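The two complexes that follow have subunit A in common; it is paired with subunit B in the first and with subunit C in the second.
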Partner chain A sequence: MKRLAGRRGLVALIALAAAAPSLFAQGPDPLAKLDTAGRALVRSLVDSARAEGLPSEPVLSKAQEGVAKHAPNPAIARAVRTVFLSLRQARNTLGPKASRDELTAAAAALQAGIPASALADLRASGHGKSITVPLVVLADLVTRGVPRDMASHTILQLWMGGAGDADLLGLPKAVEQDIVSGAAPGDALVNRARTIPIRLPPAKVPE
Partner chain B sequence: MFALNRPSVLIAVAAALCLPQGAASAQVVSRLEAGAVTSSTPGFVPSSALSLTPDLRYEGQNVKLSARGSAWLDGNSWDFADARLSGSVTTPVRHHLSAQLMANASRAYYDRINQNQQVAAEARVHLVFSQAGGMWLETGVARPWRVAVVSAVDVAGAGAWTQVGPATLTGTYTNFAFTRIASASDSTSSLQTCVATTDNSRCLRQSHFSDVQGSVHFEKGPVELDAQSGYRFGDATDVTPDSRRWAAANAVVWLTSDVAMVVGAGRQPSNPARGLPARNYANLGMMFAAWPAMTAGAVPIEARASAISKFAVAAAGPSLERVQVHIAGVQSVEVMGDFTDWQPVEMVQRGRDLWEALLPIADGVHQINVRVDGGKWLPPPGTPTMRDGFNGEVGMLVVHE
Partner chain C sequence: MTESERDPNVEWIAREARRPVESSAGVRARVMDAVRSTPLPVRPRRGMGWLTAPRPLALSPLGSTLLAAGLVGIGLLLGLAVTNRDGRLPTEQPTAVAATAQLPVHDTLQVHRFELEAPHASRVALVGDFNNWSLAATPMTRSADGTAWTVTVKLPAGRHVYAFVVDGAKGSKWVPDPAALRAPDDGFGTANSVVLIGQGSAT
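Presenting the complex of A and B:
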C-alpha cells in the first residue's frame, strides 16, 4: 500500500514537474479581469466565430480593449457581442470570399451605422479590388457627423470614379480640418470630394 | 480699501467674460534664457552684455498672456533692459472667421540713451482657410512716450500665413501714421511742411511709413528656426537709408526636453515712432524651460493627447513599424492597439517633442489609441476614427506593404 501510494506520488510529482514550465510559460489571462460570465461569453463568441469561418481575433481584441480601458463588464459584453454580430452581417453582405481586412472594416462601418446595402453597392462596384479602405473611411466620416446616406453615396461615387486608397485616406483629415474651421460635416465632405480627381481607366480602343 | 463702484464692477464682469470657458488645453510655460548679447547702433559705441531673460506664458483656449523681461549685466551693474507684457483674447472660429484683441506694454532698450516705453492695443479679424493657412486684417493704436511723437501711432495692416510641411510662412504689411515734432527745415535747410506749430514754434509733421515683411518658422525634431526679412516704404523724411531693409535669423536647438541653445543675429530697422535708431545685434545663450505637468482635476487630461501635433507610422522592417508622435511638454506618451493585445506600450522620447516606438504590426487594418501623461485614450490625429463602444473613440490604421 505504501509502495503504491509512493509510486502515485512520484508520478504526480513528475507530471507536475513536466507541466510546470508550460504553466509558468503561460502569460496572464488577458480576460482575467472579466467576471466569469464575461469570460464565458467572450470564449463562446470566439468559438462561434471560428466555427462560422469568421475572424475571431477582432472578437477577442474587443474584449481586451475593454479590459484595458477599464470598461464595466456589461459594456465589454455588449461591445464584444456587437463585433461578432457585425462580422457575421459583414460576411453575409460581402460574401464568403471577403478578406479578413474587408470583414473587419465592414464590421466597423456597420457599427458606425452604415446600412448593409451601401456595403453591397461598394462590393458590386469594386471590380474585384479590396474595399477595405473605402469602408474604413466611411466609418470615420459617419463618426464625424456626416449624414450616413451622404457619406455612402459620396464614397461610392469616388470609388466608382477610380479614387485610390491614398485619395480616400486623405479625406478624414481634410474633412476634420474643415469641420474645425466651421463647416458642416456634410458640406465639408462634398467640398473635399470635389478635389479628388476622377481616374477612370482609358476606354478600350474600338476595333 | 477697495471700494465697489460701477466702473470696477464692469471691469470685473468684462474680465470674467474674457476668461476661457473651457480651460481644457491651458498650460503655463516658464523659460529662462541666459547668455550674451551684443548690439551696434550707428553713431554709438557697440555694446555687449550678459543677459538674463525670464519668460512666463499662459496659453489657454482663448486667452494668452505673457510676461518677459531682460536684465543686462554691463560692467558691474545690472540694467533693466527689454520687457514686454502682453495679452490677447481670441474668439472661436465660426464660419472661417475669428476676432482677436491684443494689448501690450513694452520697453525697448538699446542702451542707456536709446530706450523707450510704449503701450499698444490692436484688433484683428482672422480668416481661417484651414489648419494650414489663413489671413488677417488689423487695426490698432500705440502710444510711445518720452519721444518726439506727440500723437498716438495709428497702425493698420494685413497678413497671411500658410503651413508647408514643417515650415510656416508669413507675410505682413503694416502701415504706421503719427504726428511728431520735427525741425522746420531739413538738413539742406529746405523748409519742411508743418501741419501745425507748437507754442515755441516747433514744427509738427505728419509721418507715415509702411513695412512689408516675410518670415519663416521651421521646426523639425529638436531644431526651431526663425528668419525674417523686410522692406520699408516711405519718403526720405520718414525713412532713413539704414532702415529701408532688414533681416534677422534665430535658432533654438533643444538639447533635452527642457534645455536649449539659442543663437540669433540680425538687423533691426529704426523705429521713428519710438525714437529708436536702427541696430545690428547678435545673441548666444542657453534656455531653460519648465513645462509643469498638470495634475488630475486641474485640467482635463484628455485634452493633452489632442495636443499631438503630428502622428506617423513608417515601415522599419518586416512586419515592424516605427510609430512616431510629436508633442512637447509632456512626461509620457503611450500607444496601444490590437497589435499589442491592448497592452499599453511606453514610447521613448527622442528630442524635444518626438516620441517613438518600434512595434510588430502586420499588414492590414488595425485599431490604435494613444494617451499622454496617463490621460484618456484617444485616436491619433489624422487617422480614420470610429467609436470604440466604451464611450470613446479609436483610430483605424491601415498598414500596407
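Presenting the complex of A and C:
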C-alpha cells in the first residue's frame, strides 16, 4: 500500500516537473508593472472587448506598449480606454461584418480625428471590398497635417473612382515630399491625388 | 517452593528440555556441506552494475519535499531556457530570416524586412504589437557599411503597429519608421508606424 502511494507520488512529481516548462512558458504577467487598478481596468476592457465580439488584442497591446514606453499608469489607462471605445465606435460605424483589420484601422482613424461619417461613406462605397487601406492612408495623411475634411473627401473620391491599393499607399510618401518642399499639406494632397488615374462618376450635365 | 511441590506438567517439560538432542552421525557433516555450498554474500557492484541494480527507495516527508522542489526547479530552469523574457516560445516570436521582403511563407505568414538608417546608434530593436512591444525580442543587425540597421521577420497578414528603439550616446529613443505609414497619436507622446502585410503592397 505504502509502495503504491509512493509510486503514485513519484509519478505526480515527474508530471509536475514535465509540466513546469509549459507553465513557465505562459510567462510573466505582461501587465505586472501596472498598478492594481490599472491591471483591473485593462483586464476588464479586454473581457468587455471579447464579450462584445471586438478584437481584444489591440486593447492588451496598447497596455503593453505603454508599459514598454514607461508611461505613467493614468496615461496607460487613458490610452487603453480610448482604444476600446474607438473599436466599439468603429464596429458601430462599419457594421458587424467588419474585419479585425478594418476595425483597428477605423479605430485609429477615429483617434486621428476622422469623423465617423467619413468611415461610413467609405464603407458604403466600397462595394464589399476591404476598406483597410483607405482607412490607414487617411489616418496617415491627417497625422502629416492634411486637414481632416480635405483628407476624408479626397480619399473617398479616389476610392469611389476605383483607385487601387498601391495608388493609395503611394500617396503619403508623395505628399510628404511636397510638404518637405514647402507645400501646404492640403495642397500637396490635392495635387498628388490629381495624378492618380480614376474613373470619376460622370459629371452632371447642367440644365 | 520445593522441587516436590512443582506442577507435574512443568516438571515434565523441564525434563524434556534437559534431555540431550539425539542426532545421527551424518547430520553434522550434511549441515556443514550445506553451509559450504551456500554462496557468500555478493560484494557491492561497481559501475553500471551498481547503477542498474534494483534497490528499495525510501523517502522521508522532508526528503520527498526536497525532491519535489528539485524536480520543479529543474522544470522551471528548462522553461526559462526555452522561453524569452516576455514569456513567449521562440517559435512564436517574429523570426529573423535572411530573405527578401514579402516572400510568402505560408497562408498567413509573410516575411517583411525592416530597415532604419541610424549610423550613430549602438543598438536598435524592432518593437511592435507582433512581439508584445518587447525590447529584447527582435534586435536589429547593423549593415556591413555601418549606416543602417535591418531585421527580417515573419508576420501574420494584417495591420501591424511598430516602432524602433534606438540606443545611442544620449540613451534610448523611440522613433517611427520614416519610410512607413504613420499611426495616429499613440497616447504616450511618441509616434508609431504602420505596416500592412498581405494587403496591396506592404508599406
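Observations on the model:
Just so it is clear, the second predicted complex is superposed on the first by the 174 of 207 C-alpha atoms of A that agree within 3 Å, B and C clash if a C-alpha of one lies under 4 Å from a C-alpha of the other, contacts with A are read in each partner's own complex, and residues count from 1 in each chain.
Criterion: a residue touches a chain if its C-beta (ideal position, glycine included) is under 8 Å from a C-beta of that chain, and two chains touch if they have at least 3 such contacts.
If you're wondering where the values come from, they're calculated on a predicted model, not measured in any experiment.
Of the two partner chains, subunit B and subunit C are each touched by A:A68. Looking at the shared chain after the overlay, A:G164 reaches subunit C, while subunit B stays out of its contact range.
Using the contact criterion defined above for the overlaid structures, shared-chain residue A:D140 touches subunit B and also reaches subunit C.
When both complexes are overlaid on chain A, the residue A:V180 reaches subunit B alone and has no touch with subunit C.
By the touch criterion stated above, A:S130 is placed in contact with subunit C alone, subunit B being left untouched. When the two complexes are overlaid, the chain among subunit B and subunit C that reaches more residues of subunit A is C.
According to the touch criterion, the shared surface of subunit A, contacted by subunit B in one complex and subunit C in the other, consists of residues 30, 57-58, 61-62, 64-69, 71, 75-76, 78-79, 82, 100-101, 104-105, 108, 111-112, 132-133, 136-137, 139-140, 143-144, 165, 169, 172-173. Residues 57, 59, 64, 67-68, 71-72, 74-76, 78-80, 82-83, 86-89, 127, 129, 132-135, 158-159, 161, 174, 179, 181-192, 194, 196, 199-201, 203 of subunit C are the ones that touch subunit A when the two sit in their complex. Against subunit C, the residues of subunit A that register as touching in their complex are 6, 9, 13-14, 16-28, 30, 57-58, 61-62, 64-69, 71, 75-76, 78-79, 82, 100-101, 104-105, 108-109, 111-112, 130, 132-133, 136-137, 139-140, 142-144, 164-166, 168-169, 172-173. Partner subunit B is touched in their complex by these residues of subunit A: 30, 57-58, 61-62, 64-69, 71, 75-76, 78-79, 82-83, 100-101, 104-105, 108, 111-112, 132-133, 136-137, 139-140, 143-144, 165, 169, 172-173, 177-178, 180-182. On subunit B, the positions that touch subunit A within their shared complex are 93-97, 128-132, 336, 338, 341-344, 364-365, 367, 377, 381-390, 392-394, 396, 398, 400.
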